[in-house]
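Notes for the one structure printed next.
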């Protein structure tokens, strides 16, 4: 695992009460949450996550914390940001936060993305909420002078998020949608093969779609391209203690269980198993 | 000034707060000063390699959680190579939780763990996930007596028996553990439960049934701690839904000599040290010099009152 | 268009929703159209006059409540004079809950209630407050078999046995009730629990121990309903923590033929009719024509999975 | 029980979601809650109560509803008011309500105060939160042309509430406090004896203090003056179903249990037992 070996030692985590700066709707499903947070939170690496104690409201009383990828961590401004989809009682609670409220959050947690010094150009392929997870990877690549092609997949143009975020970081951004059929795996495959041929694919990164994961696994195996995937699983502790967040992985021909919160959430792409 | 030290089942602890088995591992080091804990308790280990149960392994419920983690185990060699050296770095007493499918297996495993750095054995004779349909040694006094006796013969280490709440006879089972030679009983493991997803018509746990833990079960387990405290003269370690200093005090008043904290750590990683700080502050406010004095200090619990239930 | 009718233990009900014994009385008439309920279930009555337990009789817990009401009873004459005529004003089947200190007493009381207007007998062989320290008939299969048999001999009315969750052998006890001739089992009564006031060091209940009910116990009782459904062929009536239409569906999927609602009515007096409306809407949305088809319709519950617990 | 016999049939109760009009601090312990509520709520009689579903907040998750006496019910304005002391998690939750929020409340419930047609002058004696319960009794008496002497007892002048409310209703108001010692039972006894002598005490009413209850019971028995007391007990259902709110009463020489929510909360004063 050369890629993971290059990862920095994960910063120690802390459980802090972070003041909310903003919590606004991005579209009809997603909100963007900005929090004030000093170190170690604002030092979170790309792909690391936080475990959020979502506020209980009248009808919604989430019991567990909720894991959420760092969408942006800014050590200078002392801020941490999340981009989240309002789905169930936890995220509904999160959506009620107003500037000035405080959110208890534990992190940064887990093993994030890492860039091998030998890679010059990488391909980032994401869909839906996976884009939130991949955005800080593009920022890290930009900082390290690595070229990024970002393929952003969504239902329709209205549902693509973070295009501007990826653009700002200097990524070459390609938007594919279900509306015009450009997001179909065969069409994305053509795009990826073009990038491989153009020498722009030293490594693959993905998050958020099983079909896109399988596509990258197949092309990666075919062309010997390494890669990483960020995975999700329901969590209780977020700290590697409860073993509830395990998923099956392929390791040396065997199927092994690994903890998404502790061994991941970012894993070598070839080890991941579809869902 | 408050003396938080307690003596529990052959061990002297700096304070009465320790983790519950299966809810504690090295990850907590990032957030908690582990040297402050009264003891460490490991995830249950077995001799056999075990994969644990299918996912999903957890579900939220009202005031609690269901888990069907099972007992994934890498066996004894991995324990000796990784786990034991890791915990030996602290001076805190290490309690090793063990399980086995047979009484003989329990005894052999305990014998193999009589090693420097192991302060006590907690025999998890109660895990509701191991035996099909929720059965366990600790559901039956005779099976409890047998397994504890064999364990007693196999180890000189302090021996704690962790009981299951899935029984109508907790006092009889605690007495069996005492008779078998246990130095303490841990009351209790999770309560067997279940949940169904009304959208998919499927069980919420891959394993169908699982163990309920968290605040929801506190009144049930507290009652059992009280029943055990009255039934045996060995110490009772309370475990079930403890999340605040007041919860710990409540358990001690009902008869616990020490407490274990599980699920609360998932929601609040600093729960255990928060409880220790809170116990100190609480004792100070109440003018209590030795926390051990709280054990069984509940008032108004005479048998007249209990008998009054029938009138 | 949805057919909400169910047939439960000798009774045809317009819908599967009824009150739990002891949580229902004429006061609800002010807020709920009682004729909409599937059945009425009375507070447990006894032959003897009983005063009930000392106060405080209730305490709040996480997601639930403890009660030690006991069974205050004005005896059979008062029941015949006031309670029965009151409930007879509706066409809804009236289930009379009874209790007694002996099997013989149960039988005599059942015999005395074979009267017009009484649609079924629910034998509360489970109340944890009656016998000292929480013991009850339904904690033991043999005692259950004996009391149900005698009841069966004493009455031609449909006979439901209400079981206690305070046992490690719920399936065996349900089988004993079936063997004794019960037409249905009600699963379950409250879970024995306790709470201590950390300010006064006194039990929060005048009676020290009491029964836990409400959402906190739902996963536990749901599991028992499922175990009983697999163990017996008579219908199982689910009761424990039901507060929403989804809760009722969850119980039916796990094996219940009907449900009883207790604690939820205290928090939301219209809970039962809200659940009936919600069941109707839910079935409509899911295209389910007969609600009775939900009973035991949980998927993925093969024994392979259950046995998988051990791997 | 001639007094109770004269009580009107209790209005049917309803469980309604009432909009909050105001919820302001009266002093450092008490808040005054005003709700918009049509019939039957605004027809609540003096001494009747509502069962409030206090909102859950982060730390405070009250399980039961909380009983609260009607402080004022105004059928014309379509309003119901409460005066409550912030004590535990339920009332702390109540204190968070803002205008425009909605509160679920069940009522009016229970048996309230009643006035015998023969009574011309009554004495109302209350302390603490008991004054909230007695205020609508003074209003009812005013409407029926019955003279009211209200003795309001409190720790200090700053803690006496509702003086103006009683004054507005034309009650002769006497304030006694711990600060100047005028609230001592022996001094209140002197006041009461004075009122009896002056023919201003056809009936006694009290709420909120065990010592004042016992004083009125003793003087009432001595002079054959009837009376009523409003009692409290922890409640679950509030509708007479659960039997958790029982208290012991003297009835024909025997001790019987009665439900505060159903048989009360107002009881004939001679039946009540001290606590």
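By written order: A, B, C and D. Residues from 1 in each chain.
Throughout what follows, a contact is a pair of C-beta atoms (placed from the backbone, for glycine too) under 8 Å apart; a residue touches a chain by one contact, two chains touch by 3 or more.
Source: prediction; values computed, not measured.
In this assembly, the C-alpha centroid of subunit B lies 48 Å from the C-alpha centroid of subunit D.
Averaged C-alpha coordinates give centres for subunit B and subunit C that are 32 Å from one another.
Look at where the CA atoms of subunit A average out and do the same for subunit B: the two points lie 37 Å apart.
Across the assembly, subunit B contributes residues 51, 61-64, 214 that each touch 2 or more other chains. Within subunit A, the positions touching two or more other chains are listed as 61. Taken as a contact graph, the chains are arranged in a single closed ring, with each chain touching exactly two others. Per the contact rule defined earlier, chains pair up in contact as A-B, A-D, B-C, C-D.
Those residues of subunit D whose C-beta lies close enough to touch subunit A in the complex are 55-56, 58, 61.
Note for the complex: subunit D touches subunit C at residues 12-15, 53, 61-65, 106, 233-234, 236-244, 246-247, 257, 262.
Residues 50-51, 53-54, 61-64, 66, 68, 70, 101, 129-134, 139, 164, 166-169, 191-196, 198, 200-203, 206-209, 212, 214-220, 222-223, 226-227, 241, 246, 249-250, 253-254, 282, 297-301, 305-311 of subunit C touch subunit B in their complex.
The touching residues of subunit B, counted against subunit A in their complex, run 22-28, 30-31, 43, 51-52, 55-58, 60-65, 67, 69, 72, 214, 263, 265-270.
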